[in-house]
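Both of the next two complexes hold subunit A, though its partner changes from subunit B to subunit C.
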Partner chain A sequence: MKKHYIIFAGLVMVGILYPQMFPGYLSVAITLLLYAGWATAWDILGGWAGQVSLGHASFVGLGAYFVAVGTAHHEIAPWWSILMALVAAAMLAYLWGRLTFKLKGPYFTLSTIAIAEIFRLIAINEGWLTGGATGVFIMTLPEPFGLDLFSRQVNYYLALAFAAITVLVVMLISCSKFGYQLRAVREDEDSAMASGINPTTVKLKAFMLSGALTALGGGIYAIFLSFIEPHIIFYLLLSVQIALTAIIGGRGTIWGPCVGALLIVGSGEIFRTTFAEANMLIYGLLIMVVVIFMPRGIVGEPARYLIRRVYAKRAQG
Partner chain B sequence: MFDYVSFLQNLSNGVLIGGVYALIGVGLTLVFGVMKIINFAHGDFVILGMYCAVLLNSLLGWDPYLSLLVAMPLGFVAGALLQRLVLSRLMEAPPESSLLVTLGLALVIGNILLLTFGAEPKSVNVSYASSTVSLGEVSFSMILLLAGLATMVVIAGLYTVLNHTELGRAIRATADNRLGAELVGINTRWIEAVVFGIGMALAVTAGVVLIPLLFATPTFSGAIFTLKAFVVTVLGGLGNIGAAIAGGLLLGVVEVMGASYLTSDYRDAYGLLVFLLILLLRPEGLFGKTVKRV
Partner chain C sequence: MPSALKADGITVSFGGVVAVNDVSLDVEQGKILGLIGPNGAGKTTLFNALTGFVTPQAGRIYLHGNEITRLPPYMRTRVGIGRTFQTERPFEELTLLENVLVAAFLKEPKRKKAEQLAMDVLEKVGLADRYDQPALDLNLARRRRLELAKALAVQPSVLFLDEMMAGLNPPALKEMIEFVRRLTDQNLTIVMVEHIMEAIIELSDHVIVMANGSVITEGLPRDVIEDPRVITAYLGED
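Right after this comes the complex of A and B.
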């Protein structure tokens, strides 16, 4: 575990120095950090608790809309609206989980798609609440401590903080009692119940944490884009991107979602000119290869190999 | 005062479009019944059928219904190959794996179509596009009628194959009890390939039938059709073909009625709401057998 904290500290240092080294590539880095954070947050529910959700765009949208509508229509400072979004996201996740956690495996996944689609339709059609299909512009933002929230530099550090917080949360979970409960529920709900764990409570906690963190990223995303559209931010493809990033990297590992984000955002940049709009092709090909040939993901497979070797050595004496 | 003519008009439109939904749903439910996998690429197979018709129309000037002769066998072979080469590797894996692989497949198909045909919507113009058949005051659109007719022919054909041939018996046996089917000498791996082929052929057919009616767009519409197919199959109970047909008709009617009597902004939401309610309240489907829970 200590090893993970050292890697974490090192990566955060690199992250802090990055804008000084490559000031021209900030937008790519922001996208990368946001996806790393979202995928890590998704993984709390999808990887550690084993409930594959394809509806996390709802939480991104929730966070983004709280910030955008808050500043554009009600003049609420973004930090307050992000706080409100966190609470709202946790509440939404609670209700959502209460409703659908009795569904198992693929059925749960299907229900998340349906619920997320309904939210998208609401965001498009209820113009009085969300600004409708045209979206919301963020024109002005307050300047806390003289920081310009529109500047790429500030956006970058916000995204870095978001990614670091989610990874830190997952690191703390992974060796806590809650983390073991999550894994027990993922492997076998009946056995978990037999050992005194309430699967529904554990899954609800995971969903609430995951949803709130995703909404935090959504709020930062809205500040970064300064223009949000319901078609994009609530769209099924965003949910799919978030989920696939985590699965390709490795479900239920600390660094898997981050590696997935690096791989996907990186290759997206490289193939940008070749594939243009068809950039989801990379996701499609990668997920097929990963699921068929390395079901535990790019980080999960080697990690499992290493752990097995350590155990084998120990068993030999 | 209640307007009977427009009610009948809506009902007939709903039933006819529902027939096509049924065609899509039957393929999905057949694949689920035999292979126990949820095929996320099913909607993209529909889009593939649409583009097949568009391509044959623009290159050779074929009528969409003529291109069924090419599209159906092609869909069957492609589906069987996909099953043998890709999905058969996942039979032992957890159920999410096949969902994820077919989701990947959906993304690959959609984006390859985007790269080949471009993002702008494509359609096929047919001479009978705006002609209607009147029955009293209710008029039927020619395209919808043909779509309903084609659906009926295909589903009747499928019914005959499943219930009156040796192959159909083998398929039903595999769906019923895999191990038992293997014990009496059925090659279940071969049956799975055939079933996935049939599923894809049905989806492609639905795509071809829909092309005079709808525009084909490469990436966005696939997911919508997949969702509709899920709605249809969950309405009826996954794995049950007769129920999928009823589910399809019901979805068509609910959508058209909801759009004309409530608000059309939420046309797609009505189906989804019904889908959620059934998933939560009656997971075995409206027409499924009730299983006593222990």
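Right after this comes the complex of A and C.
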């Protein structure tokens, strides 16, 4: 576990110095950090608790809309609206989970798509609340401590803080009682019950934490974009990308979602400039290669191989 | 000795099929109750009703005098019921220590103490030297012992063993029988479903024989297996 904290500290240091080294590539880095944070947050529910959600765009949207509508229509400072979004996201996750956790496996996943679609339609059609299909512009933002929240540099550090917080939360969970309850529920709910664990409670807690953290990233995303549209931010594609980032990197591992974000955002960026037309093709191939040859993900597969090899060696002599 | 587990008129039916019909039992603290009968007799269903994994249509269940009939399985674990599964259900992705740790956390919420408890239990069942091995790679006899370790780590007062002996080779069987016998020295009450007669005869203080969902006879193990009704239930009439 110590090893993970050292890696974490090292990465945060690199993250802090990055804008000085590559001031021209801040937008890509912001996207990467947001995806790393979202995928890590998604993984609390999807990887550690084993409940694959394809509805996490709803939480991104919730966070983004609280911030955007808050500043644009009600003059609420973003830090207050993000706090409200966190509470709202946790409440939403609670109700959502109560409604759908009776469904298992792919049926749960399908239900998340359906519920997320409801939120997209609300965002498009309830203009009085959300600004409707045209979206919301963030024109002005307060300047806390003289910081310009529109500047790329500030956006970058917000995204870095978001990614660092989610990874830190997962690191703390992974060796706690709650972390083991999550893994037990993922592996076998009956067996978990025989160990005194209430699977529904554990899954609800995971969903609430996962949803709230995702909404935090959504709020930062809104500040970064300064213009949000329901078609993009509540769209199924965003949910799928968040889930794929974690799945490709390695579900239920601390660093998998971050590695997934590096690979997906990074390769998307490289291939978009070099093979403009083939971009999506290469993206698809990448996903297929990982799913077929590394079903536990890029981090999950070697980690597992190592554990088993170390053990096999010891068993022989 | 006070009653540890008591059941009154348990009836379970699936659709129109009555799997368990009006079964009552009473186990004293520190004793072993053996539950036998031919396949399809309703042993496992009764077992699941007692541990909360199946809801009975009628009847009441008491643990140390407190009614637990309506408690869900995880609540029954919290009040003192431990169980194993007939087909072992380890958390395959976790190591042996982590498997037992999940259960140990129930009584020891602190990681250090829970780990200590889990290690002690692994020691007891003879798996301590493999504590960091993934559960996926275990052979049958060791999977059984891990299953037992998980059930013991919740520190139950009544332990339910579902066919723990089936498929074990003779030395492993002997070891398991010895192990279960030693558990009752610590005042643990045991209910076991078993097909291996050797284990039933050696261990049980009292045996209940089921056939077609009902109790056909009960008593001391030696008397029960010579009862003509039991022989008929197993072998059929001619």
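Details
We adopt the following convention: the second predicted complex is superposed on the first by the 301 of 317 C-alpha atoms of A that agree within 3 Å, B and C clash if a C-alpha of one lies under 4 Å from a C-alpha of the other, contacts with A are read in each partner's own complex, and residues count from 1 in each chain.
Assume a residue touches a chain if its C-beta (ideal position, glycine included) is under 8 Å from a C-beta of that chain, and two chains touch if they have at least 3 such contacts.
As the structure is a prediction and not an experimental result, all values here were calculated from the model.
By the touch criterion defined above, A:129 lies against neither subunit B nor subunit C after alignment on the C-alpha atoms of chain A. By the touch criterion defined above, A:306 reaches neither subunit B nor subunit C. By the touch criterion defined above, A:114 reaches subunit B but does not reach subunit C. In the superposed model, A:270 makes contact with neither subunit B nor subunit C. In the superposition on chain A, contact is made by A:291 with subunit B only, not with subunit C. In the superposition on chain A, contact of A:91 is made with neither subunit B nor subunit C. Measured by the number of subunit A residues touched, the leading partner among subunit B and subunit C is B.
Once chain A of one complex is fitted onto chain A of the other, the partner contacts of A:13 are absent, as it touches neither subunit B nor subunit C.
Taken in their complex, subunit C has these residues touching subunit A: 51-53, 72-75, 77-78, 82-83, 85, 89-95, 98, 101-103, 105-106, 109, 111, 114, 132-134, 137, 150-151, 153-154. Listing the residues of subunit B that touch subunit A in their complex gives 38, 86, 89-90, 93-97, 99-101, 103-108, 110-112, 114-115, 119, 219, 223, 227, 230, 234, 265-266, 268-269, 272-273, 275-276, 279-280, 283. Within the complex formed with subunit B, the subunit A residues making contact are 52, 99-100, 102-103, 105-107, 109-111, 113-115, 117-118, 121, 124-125, 236-237, 240, 244, 247, 275, 277-281, 283-288, 291-292, 295. Of all the residues in subunit A, the ones that touch subunit C in their complex are 175-177, 180-181, 183-184, 187-188, 190-199, 252, 304, 307-308, 311, 315.
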